[in-house]
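A, B, C and D label the chains in the order they appear, each numbered from 1.
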Amino acid sequence: MAKILASSKDAMAHVKSGMTLMVGGFGVCGLPENLVHALAETNVKDITLISNNGSVDNWGNGKLIANKQIVKLFASYIGENSELAEQFISGQIDVELVPQGTLAERIRAGGAGIPAFFTPTGFGTKVAEGKEARNINGKDCILEEALLADVSFVKAHKADKLGNLVFNKTAQNFNPLMATAGKITIVEVEEIVENGELDPDEIHLPSIYVNYIVKGEQYDRRIEKRTYSSATS
Amino acid sequence: MAKILASSKDAMAHVKSGMTLMVGGFGVCGLPENLVHALAETNVKDITLISNNGSVDNWGNGKLIANKQIVKLFASYIGENSELAEQFISGQIDVELVPQGTLAERIRAGGAGIPAFFTPTGFGTKVAEGKEARNINGKDCILEEALLADVSFVKAHKADKLGNLVFNKTAQNFNPLMATAGKITIVEVEEIVENGELDPDEIHLPSIYVNYIVKGEQYDRRIEKRTYSSATS
Amino acid sequence: MTGVSKKERIAQRLAKELQDGYYVNLGIGIPTLVANYIPDGMDIVLQSENGLLGIGPYPLEKDMDPDLINAGKETISTLPGSVFFNSAESFAMIRGGHVDASFLGAMEVSENGDIANYMIPGKMVKGMGGAMDLVAGSENVIVAMMHTSRDGKSKVLKECSLPLTGLKCVKKIVSDMGVMEVTPNGLVLLETAEGFTIDDVVNATEAKITVSENCLVGTY
Amino acid sequence: MTGVSKKERIAQRLAKELQDGYYVNLGIGIPTLVANYIPDGMDIVLQSENGLLGIGPYPLEKDMDPDLINAGKETISTLPGSVFFNSAESFAMIRGGHVDASFLGAMEVSENGDIANYMIPGKMVKGMGGAMDLVAGSENVIVAMMHTSRDGKSKVLKECSLPLTGLKCVKKIVSDMGVMEVTPNGLVLLETAEGFTIDDVVNATEAKITVSENCLVGTY
C-alpha cells in the first residue's frame, strides 16, 4: 500500500547519488515535473536516467541535465535539447539510444519478471551491436534485456489512498510501465481520492506497484508545439 | 474496423478444420459461450484449442471436447471435466499443460510481435523439457515461444461499432490477450454501443485487434461454485 | 484444538506470517482459509490470479455475480480499492515479484525447498494452473500441508518423488505438526503444533531436519 | 503543380495507398500531411505511437490540452471511438503487425528496401524514436522522401551510407519524382510525378531501377 508524502521534497529522501532513475512522460507530456524539479534542487548526482526523451532545455529532465546530475541516459529521442546535445558531443554524458518500442517493452519486462526477450526491432542496425541475434520462426531478431530502476518517478492524474492510479489521455505513455519497474515507485498526482471512488474496471495501474504518492505542488501545463485550427475552418 | 455479424452461426464461416483456435475465459467465467456453442453445431474438427481450461463437462469447451472436435489442447488446468480426463488418459486428445502465467505471456507475446522470451517459470520442471535454459542476471530461466491462433473467440461486455471493447470484472481474464493473438478475432458482446459512448481512457482493448463482432444470442450466467454468506453473518 | 480442525489451525498459524501492508496470493484449499484469520487492524490486499487485487468476502446469495470469481472459481465480492485486470497483467505482478507472499498447498516438499503440487503421474493430472508462476515469482513462498500421507508416510522429503512445480523456492513450511524454515543448510524446525513434541516432528520427517535452538513447542 | 508544394504532392500521392478500414501510422513531416488528403467516405484510423488510436484534427486554440498530443508533440483532438493506452500497448500494436500501413520519411533508401532516417554520424543525432519499431513491425512500410539531396545527389541508393533504421523493410517509395516499388529483383518504377520523364527519374537514381511495362508518367 502506498504512503502519502507531504511534499515532493520529502520524496527526495529516497533518491541517492549513483542510482538508476526512471522518469515517465513523452517529451513534457505526462512528465512528473514536481518530482523532477525537486530532484534538481538536491545534490544528488551520477544518476543513470531512463526516460523516453531528454526533454527540453532547462525544464523537466533538461534541468537535471543542465545541472550535470546525469551521467548516463537511456532514451529513444534526444532532440529539442541543445544542452544535452552539447554534453553528448563533448562526451560529458553517455547516451544509449533505444528504439521507443524496445524501451517500453524492456521496462515492461523489468516489471513483469521477464529477464530478456527476442524482438525484430533493430536487427541489423547499430542497436543490435553486441547483442545475440537469432532467427525465430522466420523472423530475424535480437535479444534485449529487461530494464529496472532503483527509483521510478511517475505522473498520474488521480490516485486513491491505496495507490491505485488513473492517467489522463496521452499523458499515460511510459508512466504505468515505469511504475512497475521501480524498486521504489513514487507517484505525483493532481488529485488523491478515497478508496472506492475509482471504478475497479477503469484503474490503469494497481496499487501493488506504488510505494509513495504526493500531490503535485504546481502544474505548468506546458505544451511543446501549440498547434490549433481556427474556429471557422 | 470491425464488421458486425448477424449471428454466432454466421461467424462460423471463418473457422475451418485443422485450425488453431483460442477461446477466452477462466473456467466458465468470461467464456464466449455463444460462439463456442455455435462451433459445436458445425462439422469443423481437428482443432488445436488454446484456452486456460478444459471447461466443464458438456458446456463451453467441454462441448467441443465431447464432440471430439479437439485434437490438441493447450491449457493450464484440466480438472472439472471427466470426458476430457478420459480422452486424455486414453490418448484421444493431446494436452500440453502450460503454466497459467506463461500461457498468458505467450499469448500476449504473439499479439505483440515478440517471438520468444525468457521466464523463470517452469525452470527445472517438466515444462522445461526440450526448451533452452539460461541463467540471466542470476535467474535460471527457460525460453518460451509466442502463441498465435488462426481464429480467436473472445467475450466482452460491450463493444462500440468500431470494435473497441470493455470487459466486466473477472470476466476479462484471457479475453483481451487472445484478441491480440488471433489472425481473425471474433468477439461476442452483451451490448453494442455507438462510437464515442465508451470513454477513450476506459477502453480495455482497442478496435485494431477486432475483425468481427456479434451480439451474443443468450447468456446462461453460469457459475461453477456458488459460494455466499448469509445476510446476518 | 477444541473444535478447530487441523486445517484451520494451519490457516491460523499461516496468518501469523502476514505483515501489515502485504499483498498476498492465497492458493486453493487451506491457504484460502487464511482470509478468515487476518489480524484486526492489519491491512492486507489479497490477489486472485484470474485478475483481481482486493478480494472481498463471499457475497450475499442475491449478489452472486458469474463475472466475479476467485481463482478457485468461487463467487466473491470486491472491496473499496479493488482492481480488475487481464491475465497477463496478473502474472506480470506475480512473476515480477510484486506479491509479498504466496501461500500454497503441496503434495511434497524437499529439504532444499523444491515443491510438487500439481500432478501424480498416471493418477491425477489436473494441471499446474498458476502455481508454477507463483513459486517462481514470489520471494516468500510459504507452504501449507499435512505433514504425512494418510498411511503415515512423510511428505517432507529429502527429494520430491512427484513432478516438480518449482525448484528451491519454498521458504517456509507450515504443516499440521510444525513450522519449518528452508535454509541453505536444510530444514530448521522452528515450532511444533499443539500435541506434538519435537521428536514427534523429527521422527515423522524423512528429510534431514535441524532443530532450532529456540524451537517452541505447541504454539498453534 | 500550380500552388501545391512538392511535399503536398507527395502527401496526395501517399493518400492513394490508403484502403478503406486501414489503421495507419503517419510519421513526422510529409506523412503527417496525408491526414488532409484522406478520400471522402474512406474510414481510416490514425495511430499515434505515444498512445492514441484515432487522431482527430488540430483543436481550437481554446481547447488545446497539454495531455493530448501526437508523436510529433503537437496538440491534437480525439474522435468518437478514439482510445488511449500506454507505450508498451502502443508498440505491441505496431510490432505485432496490427497497423496496416506505416508512412515515414527517410534520408536514404536502398534498392533492397533498407532505410536510414535517424542519424548522421557527427552531425545530427536525435534518436530513432519509434521508427525502428515501425519499420520492423509493419508489413506495409511506405517511404515519403525527396529523391535527391539539395546538391542533386541521389538518396535512392545501391546501399545506404548512413546508419540503418531497418533492413529490407521498405515496400514502396513515393518521392517528389516518382513512385518505386521494392521487389525481390530490386526497384521498379511505377509512376513519375508531373514534370518528370521516366529518364529523368532513372538518371536521378543511383540504385539499379527497372521501369515497369505499365509505368505511368506525370500522375501526381
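We take it that a residue touches a chain if its C-beta (ideal position, glycine included) is under 8 Å from a C-beta of that chain, and two chains touch if they have at least 3 such contacts.
Please read these numbers as outputs of a predicted model, since none were measured by experiment.
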>> Strictly by the touch rule at the top, which chains does chain A share as contacts with chain D?
In response: B
>> Following contacts chain by chain, what is the lowest number of steps it takes to reach chain D starting at chain C?
In response: 2
>> Using only Cα atoms to place each chain's centre, name the chain farthest from chain C.
In response: D
> Counting C-beta pairs in contact, which comes out ahead: B-D or B-C?
Replying inline: B-C
>> I'd like the Å distance between the centres of chain A and chain B, where a centre is the mean of that chain's Cα atoms.
In response: 33
> Using CA atom averages as chain centres, what separation in Å is found between chain B and chain C?
Replying inline: 28
> Where the CA atoms of chain A average out and where those of chain C average out, how many Å apart are those spots?
Replying inline: 36
> Which parts of chain A, given as residue numbers and ranges, touch two or more other chains?
Replying inline: 105, 108, 112-114, 119-120, 167-169, 172, 200-201, 204
>> Multi-chain contacts only, two chains or more: what residues does chain D have there?
In response: 78, 84-85, 91-92, 94-95, 136-137
> Of all possible chain pairs, which ones touch?
Replying inline: A-B, A-C, A-D, B-C, B-D
>> Touching residues of chain A toward chain B in the complex: what are they?
In response: 105, 109, 112-120, 136-137, 139, 141, 145, 166-169, 172, 199-202, 204
>> Give the list of chain A residues in touch with chain D in this complex.
In response: 26-30, 52, 75-79, 85, 88, 97, 99-105, 107-108, 119-127, 140, 167-177, 204, 221-231
> In the complex of these two chains, what residues of chain A are touching chain C?
Replying inline: 1, 108, 110-114, 160-162, 164, 180, 194-196, 198, 200-201, 203, 206-209
> What residues of chain D sit close enough to touch chain B in their complex?
Replying inline: 21, 23, 43, 45, 47, 53-54, 78-85, 89, 91-99, 136-137
>> For a test of understanding, state which residues of chain C touch chain B in their complex under the given definition.
In response: 48-52, 57-61, 63-70, 72-76, 78, 84-88, 90-92, 94-95, 125-133, 136-137, 163-167
